[in-house]
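One chain, chain A, links the two complexes that follow: it is found with chain B in the first and with chain C in the second.
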Partner chain A sequence: MPADPYFKKTSTRKMLGECPKMRKRISLYSLTFSLPLFIWQVVFFVFPLAFLVALSFWTVKNFRMQPDFDTINWVTMYGRSIFWQSYGLTFAMAAAASVITSILAFPCSFAIAFKLGPKARQLAIFMMVIPFFTSYLVRVYSWQIFLSDNGIINGFLALVGLEKIAMLNTVFATMIGYLTLCFPLVVLLQLFSLMFIDRTLIEAAHNLRCGRLRTVFEVVIPSARVGLVIAALFCFILSFGDFVSPIYLGGGDPTTLSILITDTTKSGQQWPRAAVIALTMIGTLLAVAFAAIRFAYKGREQ
Partner chain B sequence: MTKSNILQSGLTRRALLATGAATLATPMFSRRAFAAPTELTMLAWYGHAEPDIVAEFEAENNVKFVPKYYTGGDNMLGLISQSPVGTFDVILSDAEYVQALQQAGYVEELTASDYEIDDYYPEFQNFPGNWSDGKLFSLVTRFGFLGVAYNTDALTEAEASTYNVFWDEKLKGKVGHFDWHLPNLGQISQLNGNANPYDIDAAAWQAVKDKTMSLRPQIGGFFDYGGTFSSLNDGQMLAFAGIGDWITGVLEKNGAKVRSAIPEEGGLQWSECFSIGKGSAKAELAKKWIQYITSAKGQAKSAQMAAYPALIPNQKGWDVLNVENPAEAKRQGMTKDAGNVIEMIRAGRIKNRQWPVQQSLEEWNDFWSEYKGS
Partner chain C sequence: MQSEPLVTFNGVIKKFGAFVAVQKLDLEIHKGEFLAIMGSSGCGKTTTLRMLAGLDAPTEGEIRLSGKPINDLPTWQRDTPMVWQSLALFPFLNVIENVEFALKMRGVGAKERRTRAENWLERMQISEFATRNIAQLSGGQRQRVALARSLVVEPEILLLDEPLSALDAHLKVRMQSVLQGLQRELGITFVYVTHSQSEAFSMADRVVIMSKGIVEQVGTAQEIYRAPKTRFVAEFLGSSNIFSGKSDGNGMLATPVGKFRLPQDGTSPQKGRSTTMVVLDTRSHLSVEEPGSEFDFVHAKIIGEEFTGATATIYLEAEDGSELRVQKDHDTLAALPIDVGQPLYVSWRPNETHLVSDA
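Moving on, here comes the complex of A and B:
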């Protein structure tokens, strides 16, 4: 195909010129459908976000928030080492969670996409949906029974004569929690991109004497890149803001940003400072999301 | 009977329908007339408006409590400041927050003679925070001690009789913190020998910070209400700072091997007080409730509250409790025997939990965040 921008421009114009009424009708039609989404976005995202920005400039006197325009909250929070320490740590933990979850989920979604028959695949997809039936909090609490010092895993280790391993209230346990939260979703997202890979590409690779493993890395993964990256991105987003796992499995140690938010509000009603943390988190997630999507679709047009 | 017959007998269709409708509606009207309970809103810690505490009062006064539960004084102040005046009829608050409530004008003044304050132990008749410039704004209704909470399989009572046990080598990674700076730092301040743990100068505050930091390697986690329960219950944490019988008492009743001890360095006291919300349209009924819960009968109930047990300041309440549930009275130390809780207070072993006097609350909280992150 010619990559000449002029060609593209003229062809687009030509198309639009051919059916001028169509364009208007489409926009009215699409407006009807996109309006609810637009209103939803304004009411539940833009408005709260604007409020959060305003709130971060308010001041607190004697437990009462007062509308104000003072940068004190930004200066204070950004000047504290604990904030940056928590930030780095939360970012690293969420990044680790998305890498680990993606690696562990890939064989699973690969097997479901390529090795199972249609019926077994449907069952497997259903199995991945089931975890969403129960509350995440309940699932995390039940992990405590497995991971605690007197729990099921250590009980088993004692039975075979091995020493106890401290698991609960560690970063390891937090990671287990992140996996509990993200694994089914990551598998599903990976699966939907793997299922739509053109099989002829794989056959072609085999015909060209490409080994099985090499086919996975050179054909399957590049073809499913968008889905794999989006799955990892979702895992990052969910883990970055999660409060339940770091507090109930990690024992609140180390302090993640979500824990720091609750700490900040716990003394003196410092919601404006909590807003600073929240906005920093939102900004980070937006940056990561844009970077990830850019990477996912890089070179796709050609 | 035909239609004309009905008409002839003087009963029209309209009359028939009206009578029928009235008959069907009668139970509704009578329900409204006799049963519609008055709703009384209560802002409190969890458990205070549950049936084990309020059912009797509700039945006697045709009242239905509508509770709004909070966790922590800051949460409470936030809820009040964000609600219109008169939203809450009754407010339960920790003693150190009462002054903030009064200063912000969130509570009504109480008339001392309305309540049986004379039945209270003298220490509680002029309870700090309840009074401001000779005016009464809230009434202490229950209290409890904070000390060393410990697993009875792991530690003996003698071992748990000092805060130093938290530094014990065998408890490495097994000491938990209730995640709130005020009780934890207050305890370390007591360990450092500060007579008033919350009124300390800069040097003493620095010493408290240093001592606290030295405890960090021992700490297995920082827990909220639910996490504190579960980690003590399953033996994940063997000792706990910043809590007392209000948590271990509940677990102990359910068979867990945990207890709380008041160490030789002294314990802290939390206290819960009832107030009437500013602008309450049902202030009379709210007053009646406070009269009930501070009376001997209400106090005995409060001591045995299912959500978390507590000590009570009303002497006659002790008498009722000792008749109703002598075992619980003994367990909590509310008997006339030597060494009971009032004697502990009189011996100067217990200090009120309060806000820091020479530092700001923010300074303590900021240090707590740094300690957690270190």
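Moving on, here comes the complex of A and C:
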């Protein structure tokens, strides 16, 4: 059969010539590995987000939600001064928490990274992980014992003859709560960026007449900038959405957005309005995260 | 040479725990000289440099700079800029900011800083890269930035820790001439640490050879090459034939490969004393016939050959397995049967040998 080998030849040639098909196959191959992540994103992020967006256009009549397409919730919420007050306050408190936590955490992570030996450093890292063993709620409750009017701190003050200080149900207490939430994580994130700094850079700075403290600002912080910014960003994200500290330590006053959400859902089944608040928060966090990452990598791109 | 040395190491010892990195170092570095400290890794050369820079503190002894003891002076109060092997350029600053760094630390005003940094960029021929990131530069360009960064403060002394080791061979030679030119023009002292013989010998006025924390020899390239003082130096340079044996007290050295005349320099070792004698490979000869009585010789077989430009080095093995080497020009070698396994006589004139210490 002479036709057979000829046919075979052309078919081989055809196969080799079909580049698009090959490319398709390769992309399918890589897709196999990115598929789980893709599915995860769709199921747990895109789908709920889409639902939240849809929900924000629903209406509530006689304490019952019904699917709708009405901008009334957006108009109502954005028209209320309490919403914008609470928004500004939550933003400011989260920003303050990330600055304060970063500043307080830095000496700690700096000491662990540069002053401790390898053994002591391991122990310190372990100690920074321990707080995660206990529920955040439990840790916040224990702060109440310290901060309340008849708590440990005021008891101590009374013992030395000083007046009581009202600490519980203040912004100060909320900040303590944010610190409790973020401090160990911020230290760990800062630590890992500090540990990867090339030590010869520090020596070089010293050698070029840069004193010890100045080297921290001129070399250590710029070198670790990406890690430091990301640590602060995590603190902002966690504090911005936190409900536990503002309610159990701050006493719900002033009202943060997280408290506003619960209040809104409780008052007349206003889930659509709560969705508006939640979407505003997500939008804000996306914008802040984007800006922070841009700032962290500024001047690094090649 | 000069009356007052710029740097003096006075019995300097450096220990890291139980490990002694530098053992009782006495060394003087003169003003305006190009000094190379050479040795294999772990010999203490980098530690010596770091102690001078103030990055490591001596365990014992004293280091003086311009006559003043600097042991307790932190590195940021010394004017001893260093160029690192990794260059240690700041990746978060661009080229000109890197060069300006030391000036900024000294409180030089922004305008003057910029002018002085620009001058140095021009001098190093890297002006066009002033606003580039360090990551965007080639190895040679980074080298120039590192030099400019250290030299912009016009120091009296510059410390260099194997700065060329990361460059390819071609670039290395070019940077060598840049370094040498700079040192001549500026007239400042360079202390250059390297493991490379060719770098040390081609650039330095004086070379210090270290081994296991001890200075083996100090001298010009010529002095060290012609007359290595110790067995270590002779072996490290790898350009001599080394014979070890016992002196018979009558000016002869008994070795496993024969009895040779010792050099007549008035330092004839006592009878029975272990003695090591060396003769340069360029002063050794090859012949098929037994050489005349004016020569001492060893019978050996060729084991290999290496071309080094105008000359070639023939490697031979003596009867006891020790290796010998002879360097000759190609014309001389053409007249000889150079084949692996060929037996030949390796000979030398007794007055061209000299003794080295065994330490």
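Remarks
Please note the rule applied: the second predicted complex is superposed on the first by the 268 of 302 C-alpha atoms of A that agree within 3 Å, B and C clash if a C-alpha of one lies under 4 Å from a C-alpha of the other, contacts with A are read in each partner's own complex, and residues count from 1 in each chain.
Going forward, a residue touches a chain if its C-beta (ideal position, glycine included) is under 8 Å from a C-beta of that chain, and two chains touch if they have at least 3 such contacts.
For clarity, every value in this text was computed on a predicted model and none was experimentally measured.
On the shared subunit chain A, the superposed partners chain B and chain C are arranged side by side without overlap.
Using the contact criterion defined above for the overlaid structures, shared-chain residue A:A204 touches chain C, although it does not reach chain B. After overlaying the two complexes on the shared chain, residue contacts for A:A166 are found with chain B alone; chain C is out of touch.
Of the two partner chains placed by the overlay, neither chain B nor chain C lies in contact with A:S56. With both complexes superposed, B is the one of chain B and chain C in contact with more chain A residues.
In the superposition on chain A, A:Y248 makes contact with chain B only, while chain C stays out of contact range. Of the two partner chains, chain B is the only one touched by A:T265; chain C is not. When the two structures are aligned on the shared chain, A:R64 is found in touch with chain B, with no touch to chain C.
When the two structures are aligned on the shared chain, A:T90 is found in touch with neither chain B nor chain C.
In the composite built from the two structures, the nearest CA pair linking chain B and chain C is 45 Å apart. Common to the chain B and chain C interfaces on chain A is no residue.
The touching residues of chain B, counted against chain A in their complex, run 72, 74-75, 77-78, 81, 100, 103-104, 173, 176, 179-181, 219-224, 226-227, 230-231, 234-236, 361-362, 364-366, 368-370, 372-373. Only residues 53-55, 74-77, 80-82, 84, 86, 88-93, 101-102, 105-106, 133, 135-136, 149-150, 153 of chain C touch chain A when the two sit together in their complex. Of all the residues in chain A, the ones that touch chain B in their complex are 62-65, 80-82, 85-86, 141, 144-145, 148-151, 166, 168-169, 247-248, 250-255, 259-260, 263-271. In the complex of the two chains, the chain A residues touching chain C come out as 198, 200-201, 203-212, 214, 218-219, 222-223, 225, 299-300, 302.
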